[in-house]
Amino acid sequence: MRSQSERPNPLFRNLNAKIASIPMVLTALVVFVGGTAWTVLYSFTNSKLLPRWKFVGLDQYERLWSTPRWLVSIENLFIYGALSLIFSFVIGFLLAAMLDRKIRFEDTFRTIFLYPFALSFIVTGLVWQWLLNPDFGVQHVVRLLGWESFTFNPLYDRQLVIYGILIAALWQGTGLIMCLMLAGLRSIDEDIWKAARVDGIPVWKTYLFIVIPMLRPVFVTTLVIIASAIVKVYDLVVAQTGGGPGHASEVPAKYVYDYMFLGQNLGQGFAASTMMLLSVVIVIVPWAYLEFGRRGRR
Amino acid sequence: MNVATADTAADGPRGRKPRRMLSRRNIILYGTLFVVAVYYLLPLYVMVVTSLKGMPEIRLGHIFAPPVEITFQPWVKAWAQACTGLNCDGLSRGFWNSVRITVPSVLLSIAIASVNGYALANWRFKGAEVFFTILIVGAFIPYQVMLYPIVIILREMGLYGTLTGLVLVHSIFGMPILTLLFRNYFTALPEELFKAARVDGAGFWGIYLRIMLPMSLPVFVVAVIIQITGIWNDFLFGVVYTKPDLYPMTVQLNNIVNSVQGVKEYNVNMAATLLTGLVPLLVYFVSGKLFVRGIAAGAVKG
Amino acid sequence: MRYRSVTALLAASAAALAFAGTAGATDLEVTHWWTSGGEAAAVAELAKAFDATGNHWVDGAIAGSGDTARPIMVSRITGGDPMGATQFNHGRQAEELVEAGLMRNLDDIAAKENWKGVINPPSLLEGCVLDGHVYCVPVNIHAWQWLWLSNKAFADAGVAVPTNWDEFVAAAPALEKAGITPLALGKQGWQEGGLFNNLVLAIGGKDLYLKVYQDKDAAAAGGPDMAKVFKAADDARKMAKNSNVQDWNQATNLVITGKAGGQSMGDWAQGEFQVAGQVAGKDYSCLVGLGMPNAYITTGGDSFYFPKLADEEKSKAQEELASVMLSPKTQVAFNLKKGSMPVRGDVDLTTANDCMKKGLEVLKAGNVIKSTDELISPDTNTQFNDLMAEFFAKQDMSVEDAQKRFADIIGSAD
């Protein structure tokens, strides 16, 4: 939306919008670009407890990629990320669609689905650690009920532990996704539903071919929220499994944190976070450019 | 999830005619919702039940068993007696600090982000997309990575250790998602509204205040939910960027829940968790009503 | 480089701090991570003693563990808003803060009060010394080298309570037969690493321990003596296979309830037994040095460091605090509450319980050795704990592989 092109100096065109965007510009440049550059720069040093300008080239990166724990972390992030993305979307949308069916007790259901989001990840992890503990959680109780051979022990099984974390993460986060989708669904004009009904289009088709394409902006927001949460997942893992058993549920953000502060090896932590950033940039920037960089409205 | 089948059997979502309660569709719909609700409620049940038990009972019984002897002692302890080092006044100590941190942070971050979103949606200027893209990428940076750079920035600004500094940090880290949220919402509003206002001679702020704001209740509610939850539950920023006399409630919660050495009092943990979660929960209940009303208002055709 | 500006800023913020202080008594903010019940009671003793000097202890407790608290403390100090005193584990955690000139040296008071003479074991003070200057006050010793055994579990299994690690390993099949997990072990790297180091000292002996951790001798770390330790760790790994817990106190609880035979954990575990109303000797047994001959105790523990402050009054208060922390009276009161051992040999601890007395005897005999916190850097320690986490979780990871990776870590250690 270009306005008032008769103004001579292009700098003053849209002046109010520019002034209003100053906080955003500053944040983007100083904090995100500046902070990132600083981090990348210091990843080439052997900074330990304090950032120190002692250049060591790619040493930190060589060590990083020869560390088994880092490799496991990356692998876990992919598994967790893909599943979390799919399930959050599907469950969030289905719940929203169900609540949008003019049901009774909508308020009650919505609150039930949303309340876990009010609790921090630390607590989420703790509660689910209990629930999934084989000796006093779900498995124990089912066995007490008489099903002696029942086995459900995801947190202490190296193959399954990441799914145990997924269960807790979905519990905590899907409520918000549902809320966003519901807000999106509610913004759709009722006439569209009426028209679809008049034309005899089945409900599922209406959702799939008419409603979902209209929800595109909501989906984009949701995608960014879920994906950024996936990359940053940390507290939940710490509280629920501490990365264990062994390294089976380690994630990159935890590697970064542990080496920066526990290991007092800032250089290593910065190198790991630079790799995280790099992968984000490779995936996100082209997409973000296509999504947001285009001219005009939507 | 057999919603798809449920949907095929259903009519439109906003049908006005009264329905038979026991249709196949309803059984499937409510059945599914009920089962899902149980999954969501189970942890809450465990938390509440545990918070009402004494420690010996927790050691012996299993986590789903209802309390034999109900005690509110854990709640009292969590609120007023649990110690953070020497200060044995529980969560009550940080409550007002949390309020003092949350209110300005939520207001400022939402104010900034909504204006950002509005400028991006309706008043695009050259280069705006670039900054916005940077912002979105910024949403993916783990907080821990930014810990030290921000310490340096705040130190140079002279804001380290102050409430202002913390509010600023919260606004900065809330900005990417919120800006995206508002941008998308404003973009989706009918363009004619904006054009008509421009023709009437309204300017940047005039349109924002008189036209955009009144139409954006649903998105504000979502933004408030995200921000209150995030800021109220934040521990890391609160403790890294302020001094002990400004520490939020979560510092005490963390001390109670995260204690590594010494005895873990699970009942107090759970009570403390529920107490800390009360404010966001309350906001959800209240905003739930607003949410619906906001949507009703938004549905009025312009 | 960067820190020149930091130090300049220190002055400014110290002035701001002074502004906040009340007139008369000097307020000194002390940060630490002692937050559980018993720990807080112990801190209260320190605060009480400090307040008695006419100053005021402003408590800055953060979080439940050092891992969370340390980055916050470091941020405060580098952010130009330092506290009056702060806890670290003694060892190498604060090394760089000292090197950056952010911490104050305590040479004067150490000389005046003859710390060299009173601190026992003397090696403890060495942990506070960098380039010949004293930078911290050790306040306690926490020993790791304990094996806690459930008398009930062994009675249930029909075998005698072991008196050393070997007997414990031998009793494992009987315990398993009775449905008891032989070894309770929280599945976290630091706990597994702690157990492993206990085995290094108990089975490999003091010389091997020093060769590996002090001299960073990769050949010793990969050698046949170390292979024996790894063999023992392999036993431990099998014995702990069914220990489905994470927190150390959950593991202790398995021992308390007799669901597990024993646990190797530091002396802080004893608090759990006490809270559960158990009596040493009757309900549970404790074996220092895992019951192996020639038991040693590592001198890990907590120390306080004092950031440089511009304010004269506060600097004086810092000295008073340092002095108070080491006074015999405070030492006794503090350590009895904390469940740790005092840092001076000339104090009366007749009220200590049986297990603690066993520890004190070892201490008195001079069988002390530096902890890994003091010998290897936190970075190396993290790598080591990572390896242990992997080894104990993967039953199929071979002992040889693990030892080879261990030797690599030691070889590149700093």
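Chains: A, B and C, in written order; residue numbering restarts at 1 for each.
The rule is simple: a residue touches a chain if its C-beta (ideal position, glycine included) is under 8 Å from a C-beta of that chain, and two chains touch if they have at least 3 such contacts.
Please read all numbers here as calculations on a predicted model, not as lab measurements.
The greatest centre-to-centre gap from chain A, using C-alpha centroids, is found for C. When the C-beta pairs in contact are tallied for B-C and for A-C, the bigger tally goes to B-C. One simple way to say how far apart two chains are is to compare their mean CA positions; for chain A and chain B this gives 15 Å. Rounded to a whole number, the gap between the C-alpha centres of chain B and chain C is 38 angstrom. The mean-CA centres of chain A and chain C are about 37 angstrom from one another, to the nearest whole unit. Across the assembly, chain A contributes 51, 260-261 as residues in contact with two or more other chains.
Residues of chain C in contact with two or more other chains: 71, 78.
Annotation for chain B: residues 147-148, 254, 257-258 touch two or more other chains.
Considering their complex, residues 59, 83-88, 147-148, 151, 154-155, 160-161, 239-241, 243-244, 251, 254-255, 257-264 of chain B touch chain C.
Chain C meets chain B in the complex at residues 6, 9, 13, 29, 31-32, 34-40, 43-44, 47, 57-65, 68, 71-72, 75-76, 78-81, 247-250, 253, 257, 268, 271-272, 275-276. Chain A meets chain C in the complex at residues 48-51, 53, 67-69, 129, 133-135, 153, 155-156, 158, 241-248, 258-265, 268. Remark: chain A residues 1-3, 10, 13-14, 16-18, 20-21, 23-25, 27-36, 38-39, 51, 90-91, 94-95, 97-98, 100-103, 107, 109-120, 122-124, 126-128, 130-131, 136-137, 140-141, 144, 171, 175-176, 179-180, 183, 185-187, 189-190, 193-194, 196-197, 202-204, 207, 217-218, 220-221, 224-225, 227-228, 231-232, 234, 253, 256-257, 260-261, 266, 269-270, 273, 276-277, 280-281, 284-285, 288-289, 292-293, 295, 297-298 touch chain B in the complex.
Of all residues in chain B, only 1, 3-4, 6-8, 10-15, 29-30, 32-33, 36-37, 39-44, 46-47, 62-64, 112, 115-116, 118-126, 128-150, 152-153, 171-172, 175-177, 179-181, 184-185, 187-188, 191, 194, 198, 203-205, 218-219, 222, 225-226, 229, 233, 235, 250, 253-254, 257-258, 269, 273, 276-277, 280-281, 284-285, 288-289, 291-292, 295, 298-299, 301 touch chain A in the complex they form.
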